[in-house]
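The first chain written gets the first letter, and so on, giving A, B, C, D and E; residue counts start at 1 in each chain.
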Amino acid sequence: MKFRLASSPHQHIRRDTGQVMRLVILAMIPGVLLQTWFFGWGTVIQIGLAIITAVVTEAAILELRKRDFERALKDYSAVLTAMLLAVSIPPFAPWWVIVIGTFFAIGIVKQLYGGLGFNVFNPAMAAYVMLLVSFPVQMTQWIPPVNLAQYSHNFMDALNAVFTGFSVEGFSLAQLKTGIDGVTMATPLDTVKTGLAQGFTYSETIERPIFDSVISGLGVASSWISLGYLLGGLYLLKQKVINWHIPLSMIAGLFICSLIMSLVDSDLYPSSLFHLFNGSIIIGAFFIATDPVSASTTNKGRIIFGAAIGVWVYLIREWGGYPDAVAFAVLIMNMAVPLIDYYTRPRTYGHSSSKRKSKDKAQS
Amino acid sequence: MQNNFDDIIDKLDKGELWDFPGGVFPAERKTLSNQTPIAKLPIPERLYVTVKQHIGVEGHLIVEVGQKVLKGQALTKSMNPFAVPVHASTSGEITAIHKHVSAHPSGLPELTVQITSDQDDKWTQLSPMVDYQNQPKTKVLAAICDAGISGMGGAGFPTHIKSSPKKDVDFLIINGIECEPYITSDDRLMREHSWQIRQGIDVLCHLLKPKHVLIGIENNKPEAIEAMQVACRENPNYRVCTIPTKYPAGGEKQLIQVLTNREVPAQGLPVDVGVIMHNVGTCFAIADAIFAGKPLISRVVTVTGEAVEKPSNVWALIGSPIAHLLTHCEYKQTLQKQSNIIMGGPMMGFNVSSDLVPVVKTTNCILAPTDNEMASNNEQACIRCSACADACPASLLPQQLFWHAKAKELDKAQDYNLFDCIECGACAYVCPSEIPLVHYYRIAKAEIRVEQEDKQKSDKARDRFEKREARLIAEQQARDEKHRLAAEARKQAMASNGNNSKDKIAAALARAKAKKQALSEVDDKAIEATELAPANTSEQTAKAEVAEPATKVASSNQRVQAAIARAKAKKAAAEVTDINTELKDKDDASNLKDEQLKQPQQHIDVKKQPNKVSMSTKTVVTDSIPKAVETPPTEKPTITDSKQAKIAAAVAKAKAKREAQKAANSQVAAEPVSAAKVDNIKTVSADELVKTEEQQIDMKKRRIAAAVAKAKAKKAAEKADKSS
Amino acid sequence: MSLTFAILTALLAIGLLALIFGLVLGFAAVKFKVESDPLVEQIDQILPQTQCGQCGYPGCKPYAQAIADGDEINKCPPGGDATIKKLADLMGVEAKSLDAAHGQEDIKKVAYIREDECIGCTKCIQACPVDAILGAAKQMHTVIVDECTGCDLCVDPCPVDCIDMIPLANNASSWRWNIDSIPIKQIG
Amino acid sequence: MTKNMQYTMTKNGLILAVFAIVTTGLIALTYFGTKDQIALQQQQKLLSILNAVIDKSSYDNAIHLDCALVTSAELLGSDEPQHLYRATKQGQGVAAAIETTAPDGYSGQIHLVVGITSPEAGSAKVTGVRVLEHKETPGLGDKIDLRISNWVLGFDNQIYTADLAPNWAVKKDGGQFDQFTGATITPRAVVNAVKLSVEYYLANQATIFNATNACGEINSVSVVAEKANKNNE
Amino acid sequence: MNEFKELSWQGLWKNNPALVQLLGLCPLLAVTATVTNGLGLGLATTLVLIGSNTTVSIIRNWVPSEIRIPIFVMIIAAFVTIVQLLMNAYIFTLYQALGIFIPLIVTNCAIIGRAEAYASKNTVGKSAFDGLMMGLGFTLILVLLGAMRELLGYGTLFDGANLLLGDWATSLKITVFETDSPFLLAILPPGAFLCMGLLIALKNVLDSHMERLFAAKAEEKVVQRARVTTES
């Protein structure tokens, strides 16, 4: 009789990587639905394109690396990356934008570093930054919310627009991007930044005609979508898929920075709430910064990691070249993770912390 | 850092406890087995008592095969303080003492006493110690030790050592946590035998004099808590603490942290923070040993899992094969795809490789799960989720440890405190990628230990090598010095050639000396130049050594004859060598003057004497012995006459064997014919040589022939190897 | 004219600076001279000290010296890959696989003398680099297992082939947790 | 201090000094050999830029050797003196190439040179604009660079008068100049800077041509060339 | 002659300063947005390398080891300055194209690296040849990198070659594809890092392929085991 041999523990909690990823995907659904509601079918099309590209890329590269791709695909990590990237880019961005971006995310940022678990950078954000840097025009053109658009569009229009640049009726992308008052879209963050650059104060900017109903409408949409993601994020917290450390510290970091600055000069610096509910702060805090692979792994480290992202977001938004900054902030802090992890090692049971330091010194 | 005793008591009075970091909540499954009382089992037909069942040193056996033993009779004994004896668990006959599969994860066979039961179960003479309070501590400790008690919670540390600490003890903690899922042996024991456990605690208190006794029980065992509370009611110093259920609260360090918030320093012991911890089972065994005089020969074992029909707790004799227990509880192998039996709990237990594995003193559970009860092994890539770090009770970073262990960066793994891992398995339990983290740590730990051993060994080897080198150099220098002095003496002698008063002995000595020097100088050349030379050389040096063992055999005629023969041979050899080396000084040297004798060179004397002895064979051999002893024993090999034939045979046999092997090899090779042919011829010639008579010259020839044969065979074999 | 002057000033200034720095460097070179090279010692610490000579050098120390002088690091079969890796770390070079010309990495062995066949020739005693063989002429020899490095240098000299290299026994305390049924998969 | 140390120090010091002097000397020699040629090259470079913004046939002086240093934080965007090259025909000032700075580019300052002529009082004509240096976002704002896009040629021959002033803005702000897709700030900044420099020219036309020549020395003109060099990268 | 062959192999492939030694990354990554820039800087670097290697080799016996580094640096700096001045004077267009990167050559570790590792130990001829080969190897990678980035970024090749080679070279420009939205990542410094990484990966792949090809041919060597002790 042959006996089975295995190493302890023999029991296992019944939650594997695939399940974790599926939970995250599930939690994204409210946000995605709201985004579709506000911006039309473009979002869904982008997500579909991204998932297909991600799966194909992952399978192909794993095949090249002679790894078992069927099993790797079952962990849903590629799908999650694809979704995160797809919801970050403008809904009517041409199809090749998302394809290039997803390929970059999976092929270069993830697989070239060794696949799941080995990537230093958050794949979705690295790809987003790559796209933003490479194709600034396509990446900064948001369409107006559906109810405020000059031309309404349905699923076929969206599909056509993504692939050909024209809707079924032949409206060009530029036309689709125009609001009812004929102004081409820019996000509120963008507009405020532009206004400030022109020498207007913050309050003047949002009262200027240029900050019209469409842009504030976009702001409203952005806030609603943020709330959707917040809901998903809270669900993830409840399910213990993510810890509270990163989202809370990131939001707190941004909140405190913006609060201090707006107290110093409310003319030049937008309020904390404006910062929190515009752009991708909420999805960034709950879905992107919490990506376990590229985030810090100690609890103390997570707080530092999150708070630093918040501060970076603020710094880049206020003084940087790009209006939104979550992606850059996350990438910057991804680089700092090994350092953070090293210096935030928890005190091991039975060790005094000072001892470890002296040991480190002795070794160096 | 260390919490004050009074503060701890204050907090405990308020009903508050501390917590330890991490921890997991696996499904408990305890109701499977804790519903029925502990069952008595029939006596198994055969018992396998492993000699070493604890941490420390095993005793030496004091029984032999065939001996009848009585129940409770000691099988081993040792004076070593870290040894505890094992006992016969029932009466019967020792049918074997052999290596038997052990209750160890490796399943490697260990020395085991096999007892065939006579089913009488007859006790040996027992000596209870009811008035232990009036006995000296050492006597009580000795009784505990003699009863073979070692920790029954898991590690199996000898109890008598743990019970005689050198430091003051604040708390005696009795561990009744039993945090592993499935296991209920301590639970049932506490429910049914709380009074006896308390008696054991009393004994421990007598030995340890703790300020306070804490009995920790998890809150999922209300009956046990109640039973222990009732048993301990009389003594206000005994406190039953209800601990929240969390794995691994029963770990020694974790329980100390929960109850006292003290941390055992790394590489330290609980007593360093004033705590001693014993398992409830150990307390029970102590009470048995002191009040009944019974040694530790049985224990409660939980037999559980969905693959057994009647999961329950049983009293198992130490040494019972687990098959016996499983049969009793109706284990259904068909419920498992592959036999899967775990000794211990699902978190820290190990798979056994045979159902003949015996129950040992630390066995608390036999778990036979169905396939879907336990985890499948489906390792995926780590996603750095750090769920493991959140679960780790020792606040380690399991993930970093895993990277370093996997990459074999053992230094870094140690830097991340690998050795503080208690292998509780919480990290691997929560890992979503199902990485067998603990397994990696165990391998890394084993590798580090091996590396440390290797390091020690290599340091020792280096030391020995260097010392040897130094010694060889010193010897070489001494030899050179000797030669130099001899040469000087010779020169002196030549200078004073005019003196014609002669001494034959002196002349002979001088000649011998000169010849020897010449020999060693031209040694290598001579070997190559003539085939006779090596034989001569070895004969020459042999003589010096023969003198040493000669004391014992001096009376033997054969010896003397051998010496004569050798002396002759040597003379002949010397002449040959002299010619070969063209040592013209020889004749001059033989004319050495008296002055030379006056040279008080001790080393010359030493060398002279053996020469004298062997040359003048009739002289008293014994005289020379004390000095001859000083000649270095490790010189060239020697062959004594009496053994010559035998040795020659052995040599030839060995060569023949070697050649036969090579021949066999070469037949597989590409050129089998030629190689084999050469080998065969050589083998035959070697065999023939064995048969030739035992004369010196033949000996020489034989050895040369053997050497030639060896060389040729080697060459042939190499050729064969290459061609293959 | 002023340009020429400027250039002369520049030349002078640079020359002076160089002179000063040269003086400082000369001072430092003499003052902070490192006396010996501890590298050989460090390498020697890593080598397994079997003194087997398979590397082509008579002993571990000479090989350590040779590595310090630029020899390959993959010539030590008893040390195997672990030693090569450590040497690579120390020397700051890439780890290579063991040079097969020097032999294969093998399990640990010790020499064992079949004592009834031993003729007491002491040849093995002389061959042993660590004096791990005990015995005298015409007396039976035996190997001190704890001291034996497993170099097998004693095997060849034996005229009666009574020395075997036997693997070290595996028992529970030296067991290294190699449960075969849990293969460690290569992921990522 | 040992003798050995003294020896080593002296030796090292002297060798190092010799090498320093020799290498510096070589550089000096090369410098002497090339400085005139280099100055010539730079003048030609400057001239070519100036000729790009002012028609070569419209003047007859050595324009690159005739400049004034002007400062106007308000109109020329910088506190530093900037060069203003004067084109004269038969002694009469006909046009000027003004170095100016747009301080409000998307990523900082944009340095320009603007060629302006004033055919009649109160009105000015831009004869050409070139961007000397900028840090605008590649792919977006960098279309102001002639090598990327010929947007900047849109200024050629544009007439400015006080009446036409509102037209001097990007289309989004109701003016006549195109903005680029996705970027409004950069063209807005450039248009504004050009407009202000024209205003400066109109306001100071009289004084400019009477100011003393600040570019007598060859070396002082290299500023524009240097900037242009940098921008070429 | 064989030695020169070996030097060429080392410089161009096996020990390529850019791909293997990863020296001179600063100019390497900064200027390679187009083939032209890469070629120009590569040639300038080669020129300096040959000069510095030759000079260092000439003076190698007179320089005490303690001050050799400052002296090498001075020599290299002098060479670069001279090259810069000469370019500025006589090939002004190229100088314009390479601009501030010429002084950067001073900081190119490849140059001081070769001076230290090779030229200070070998004869003049060999050192000069080593400089040439190392320089060419460096140039090769600069051009390759430039080509990758230019192709990805602008869809062209040899754009602006006239700056370097004169007006005839305008016709060298190849437009592979036209694009409205250039792939800016390739043109920006991060793209240089990415492309560089890919080039290194490519080299490693080729190397391992070659190793496999030549592995069979490698003759088996027999090593004599040394006896630690004297066998008697």
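We adopt the following convention: a residue touches a chain if its C-beta (ideal position, glycine included) is under 8 Å from a C-beta of that chain, and two chains touch if they have at least 3 such contacts.
Since this is a predicted model, take the numbers as computed values, not measurements.
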Can you name the chain that lies farthest from subunit B, using the mean of each chain's Cα atoms as its centre? D
Chain ID, smallest distance between chain and overall C-alpha centroids: C
Quick note, more Cb pairs in contact for D-E or A-B? It is A-B
Measuring between mean CA coordinates, which chain is farthest from subunit C? D
Dist(centroid_CA(subunit A), centroid_CA(subunit E)) in Å evaluates to 40
Need the CA-centroid distance for the pair subunit C / subunit E, whole Å please. 37
How many Å are there between the centre of subunit C and the centre of subunit D, using C-alpha atoms for each centre? 67
CA centre of subunit B versus CA centre of subunit D: separation in Å? 86
Listed in rising order, subunit A residues that touch 2 or more other chains are 4-7, 115-118, 134-137
Residue numbers of subunit B (touch at least two other chains): 351, 377, 380-381, 436, 439, 442, 465
Per-residue multi-chain contacts in subunit C, two or more chains: 18, 21-22, 25-26, 29, 51, 59, 123, 126, 129, 177, 179, 182, 188
Touching subunit A in the complex: which residues of subunit B? 1, 20-21, 24, 26-27, 181, 253, 257, 263-266, 268, 333, 336, 338-342, 344, 346-355, 367, 369, 373-375, 377-378, 380-386, 389-390, 393-397, 399-400, 415-417, 420, 423, 425-426, 428-434, 436, 438-439, 442
Provide the residue numbers of subunit C that touch subunit B in the complex, in ascending order. 44, 47-51, 59-61, 82, 85, 117, 119, 121-123, 125-126, 129-132, 136-138, 146-147, 149, 159-162, 170-172, 174-179, 182, 184-185, 187-188
Residues of subunit C defined as touching subunit D within the complex: 7, 10-11, 14-23, 25-27, 29-31
Complex contact set, residues of subunit E against subunit D: 31, 59, 62-64, 66-67, 70-71, 74-75, 77-78, 81-82, 85-86, 88-90, 92, 96-97, 99-101, 181-182, 184, 187-188
Quick one: in the complex, what on subunit D touches subunit A? 104, 106-107, 137, 139-140, 181-185, 188
